[in-house]
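In the two complexes below, chain A is the common chain; its partner is chain B in one and chain C in the other.
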Partner chain A sequence: MAPLLQVNGIKTYYGNICALKGVTFEVNAGEIVCLIGSNGAGKTTTLKSITGLLHPQEGSIFFNNEEITLLDAHRIVEKGISMVPEGRHVFSKLTTLENLEMGAFTRKDRTAIQQDIENVFQLFPRLKERAKQSAGTLSGGEQQMLAIARALMAKPKLLLLDEPSMGLAPILLESIFDNIKEINAQGTTVLLVEQNTKLALAIADRGYVLQTGLVSLSGMSKELRESEMVQKTYLGVA
Partner chain B sequence: MKNKNRLTTKLDQRLLRTVLPALISVIILSIPLFNFPQQNLWIRIIGYAGLYIILGLGLLVHVGLAGMFDLGFAAFYAIGAYTCAFLASPHFNIHLPFLVVILIAGVLAALVGSLICIPVLKLRGDYLGIVTLGFGEIVRMLLMNLTDITNGSQGIIQIDKPIILGLNFSNGKYFYYFIFALVALLLFLLNRVINSRTGRAWLAMREDEDVAQMSGIDTSKYKILAFAIGAFIGGLGGAIFASWQGSIFPDNFNMNVSINILCVIILGGLGNQMGVILGAMALIALPDILRGFSDYRMIIFGLLLIIMMILRPQGFLPRKAPKFEENSSGLPDTKKEVQS
Partner chain C sequence: MQKIIEQLINGLTVGSFYALIALGYTMVYGVLSMINFAHGDIFMVGAYFGCFTITQLSKSGFAESNPALAIIYTFAAGALGAALTGVTVERLAYRPLRKASRLSTLISAIGTSIFLEEFVRLVPKFGSMISSIHFGEQYIFPASWRSAIVKVTQTFGGAMVKAYPGILGTEGIKLGGVSISYSRILIMAVAIVFMVLLYLLVRFTKLGKAMRAVSEDKETASLMGINVNRIISSTFFIGSALAGIAGVMMGIFYLQIRTTMGFTPGIKAFTAAVVGGIGNIPGAMLGGYLLGLAEVISVQFLPAVYKDIVAFAILIVMLIVKPTGILGGSGGKNKL
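Moving on to the complex of A and B:
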């Protein structure tokens, strides 16, 4: 079976600066795949290239056997890819509920949207308590939950998560990562970008290591955890 | 203590949102009805403020709703006015009926608005402001220098008096009512748009453009739409101005006008339609009302503006709180759910 997402040698530039120098990887349906790497390795750029916020100059991206390389961002959402941006980015003046509705912008099936709002409330009970509160008043962890929940409202086949661990207390971290596992168990494929390598490898099936715009290593999470390079560079094991 | 404060602000809000607009409407509507000294002057002053309400509503779509900073709104106003002048005056010897002219003026302005919007889709904030500022000046310079078509700084005079359904609206009172009828219509329509899917898309765009895109909103489409709608309203305003005034000159559309309209909506409370009315009354009518103070009036006016912005930095009527806050059940309310 062809992979759900296939990224073939994409090169993405910011002006003249080449941020991705030919990144290739794939995500199979049902997997959790993580991209790890240090600052500036090109993790976020990769996600933005997939979602259409940036367009690669070379290479191609296939989703569900369909080329999406040069589609506009909103068309890609319609195809079934949702992204949770780095640093949360909720609509701070809107309520939690309205944020969720905004996530369902591409959909027109009202009753199903209602059902999905209930579903994400089940996944994140905290959000239900905060349903009428404006999102700007939520705590960091709650905002992260909301950002994930909002992305789920588009009913994505593939969920992209950009550094969900950023700025979260350790105890919240674990619960967020449990949520991610649960979302995956319910049938959504997940592509996770993380600096917290340990946590990322703990929940991912497979992983890719990005270094200065190139995939330098890939493999099953277990292999990566045991690889000397990953241990040295990202896990801090001497 | 805290509770009491909240109560008063709530009362305050309700007062500002319902009683005040009602009061203002009554005053506006009754001015032409009763005879009092200098009535015609008042009709002219308040009518002029009415025109600025229309312009303010147009700019509100750009700045307040779609979050697109526009410093060149006078351009659309000018396009509307000159369209009217071309199509209803001895200048080209064309005399179309007013209602046709005003529609063409709006459509033409909307067309130009969407065209100017396309190349600047990627610009945000201040940069967009600079581009629109330049655009406004270009339009004025064209009007000034395309003398063969626009008659340059001589302007166009003897513009036809508006005749609607056989009724001659050159009578100040009729035209006054026409302006405020249009204001009411625009308020109604804008309200509908704001609470529609389009309004939601604008809201998301204005809050966070990237996330809006990632939520599947075609930001380009909604930006162009916002620019077209705002420009359309500006065009209507221009046509009204031209036929009311009877003559127009390029200097009627200089940068000051754009800034004034922007002040109207900022003073009124960015993003609130009712605020535009208060803003226009304060900003446009007040200098005339203060005429008694002769030379000092602009000083007093400026001081009032400063005091006002210190006391209510969000404007007279801040943007409405989201509707959901009234829904107390905590569960999604099916009626207000996702407009599609």
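Moving on to the complex of A and C:
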């Protein structure tokens, strides 16, 4: 079976700056795949290229056997890809509930949307207490939950997460990563971008290491954990 | 006392114009962070569409037999004409410059403003040019079409001041010694109705929520599957329609319109939007009425010719003292 997401040698630029120099990887249906790499490696650029916020100048991206390389961002959401952007980017002036409704923007099935709002409230009970509050008044952890919940409201086949651990208190970290595992167990494929390599490799099936715009290493999480290069560079093992 | 109430009503009437026009400035600023300096001319175009409609309806006798319907059609034509103009302006003059510098967009807006004024002024010329296109002896339009084109374009635009057929006359009601003309009542009522509708739309509908999302963060909005360009078009449509409604009101109230009529109300409504907090919808409404009232109050103490100075003095003081406006909140970031 063809992979759910296939990224073939994409090169993405910011003006003249080449941020991705030919990135290739794939995500199979049902997996959790992580993309690790240090600051500036091109992880966010990769996700933005997939979601259509940026368009690669070379290479191609296939989702569900369909080429999406040059589609606009709002069309790619309709295909079944949702992203939790780096830094959460909740709509701070909208309420929690309105944020969730925006997540379901592409859907028309009102009763099912109501049901899914209940479902994400079950996943993140804290959000239910904050339903009528504007999102800007939520704590960092709650905003991260909201960003994930909002992305789920589109009922994506593939969920992209850009550094969900960033700025979270250690006690929250584990629960957010448990949430991600649960979301995956319920049938959503996950592509996870992380600088917290240890946590990422703990929940991912496979991983890719990105270095200055290129994939330098890939393998099952176990293999990556045991790789000397990963241990030295990303896990801080001397 | 009676006089004060009459002046108050006067201020609220003028304030209704300013508030409706100010909403367009503020909504466009909300989604694009730009001042649409052609907005006053979109207001003018709305007045002309309304004028054309009511003139035709009066000529045919329809306005006399169905005055209520005639008024509704006139407002609808003004709103729709202005709305389509606004959407076209955004598409052709602003969207291609979305990623360019602010200065480019500003210059484009000023150019658009001049273009619209001149276009409406020259419409009859275009009409006679189109109607006289011919190859050799043969006109491409039949004679009946040719005279219709000339007539329609002459009724629509032109360099001369156009008279707005008076639909409501000067009559009115008397409430305890205070007389209020029907046209004032109509203007205030229509303004309130549309402001309430706008508020409900922005607060509670899917489109309104998407507008607020786009105003806060376009990139993230597009990640929700929101077609950002379509939302921006809708914003121009609604803001321009409100200006068109104000244009029709102005015609009904002052009984004449001209191609340059957009300038002063445009700048004053801009002032109102800044006073209320640019980007903030209730702020634009509040600012409009405050400015209307400030003007009539000033007339009590200063010669009437100073009226315009008052508005701009308020603008300058506001920009110095509280540039984010009364309801603007912090850093001018409070949008829609």
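The definition used in the following text is that the second predicted complex is superposed on the first by the 238 of 238 C-alpha atoms of A that agree within 3 Å, B and C clash if a C-alpha of one lies under 4 Å from a C-alpha of the other, contacts with A are read in each partner's own complex, and residues count from 1 in each chain.
The definition used in the following text is that contacts are C-beta pairs under 8 Å (C-beta built on N, C-alpha and C of every residue); 3 or more make two chains touch, one makes a residue touch a chain.
Note that the structure is predicted; figures quoted are calculated from it, not measured.
*Asks:* Let's test your reading of the overlay: on chain A, do chain B and chain C clash or fit side by side?
*Replies:* Once both complexes are aligned on chain A, chain B and chain C clash.
*Asks:* Using the touch definition from the top, say if A:29 reaches chain B (first), chain C (second), both or neither.
*Replies:* In the superposed model, A:29 contacts neither chain B nor chain C.
*Asks:* Taking the superposition on A as described, I'd like to know which of chain B and chain C A:85 touches: first, second, both or neither.
*Replies:* After superposition on chain A, A:85 lies in contact with both partners, chain B and chain C.
*Asks:* Once the shared chain is lined up, is A:131 touching chain B (first), chain C (second), both, or neither of them?
*Replies:* After superposing on A, A:131 lies in contact with chain B but is clear of chain C.
*Asks:* Looking at the overlay, does A:114 come into contact with chain B only (first), chain C only (second), both, or neither?
*Replies:* first
*Asks:* Once chain A of both complexes is superposed, is A:74 in touch with chain B (first), chain C (second), both, or neither?
*Replies:* Once the two structures are laid over each other on A, A:74 reaches both partners.
*Asks:* Does chain B (first) or chain C (second) touch A:203, or do both, or does neither?
*Replies:* After superposition on chain A, A:203 lies in contact with neither partner.
*Asks:* Quick check for you: in the superposed arrangement, does A:98 touch first (chain B), second (chain C), both or neither?
*Replies:* Both partners, chain B and chain C.
*Asks:* Under the stated touch criterion, name the partner, chain B or chain C, that contacts more residues in chain A.
*Replies:* B
*Asks:* Shared contact residues on chain A for chain B and chain C?
*Replies:* Dual-contact residues (chain A): 51-53, 72-74, 77-78, 82-83, 85, 89, 91-94, 98, 101-103, 105-106, 150, 154.
*Asks:* Which bits of chain A are touching chain C when the two form their complex?
*Replies:* Per the touch definition, chain A meets chain C at residues 51-53, 72-74, 77-78, 82-83, 85, 89, 91-94, 98, 101-103, 105-106, 150, 154.
*Asks:* Give every residue of chain C touching chain A within the complex, in rising order.
*Replies:* 206, 209-210, 212-213, 216-217, 219-228, 334-336
*Asks:* Help me check something: in the complex, which residues belonging to chain B touch chain A?
*Replies:* Interface residues on the chain B side: 197, 200-201, 203-204, 207-208, 210-220, 322, 324-325, 327-328, 330-332, 334, 337-338, 340.
*Asks:* Flag every residue of chain A that touches chain B in the complex, lowest number first.
*Replies:* 51-53, 72-74, 77-78, 82-83, 85, 89-95, 97-98, 101-108, 110, 113-114, 117, 128-129, 131-132, 134, 150-151, 154
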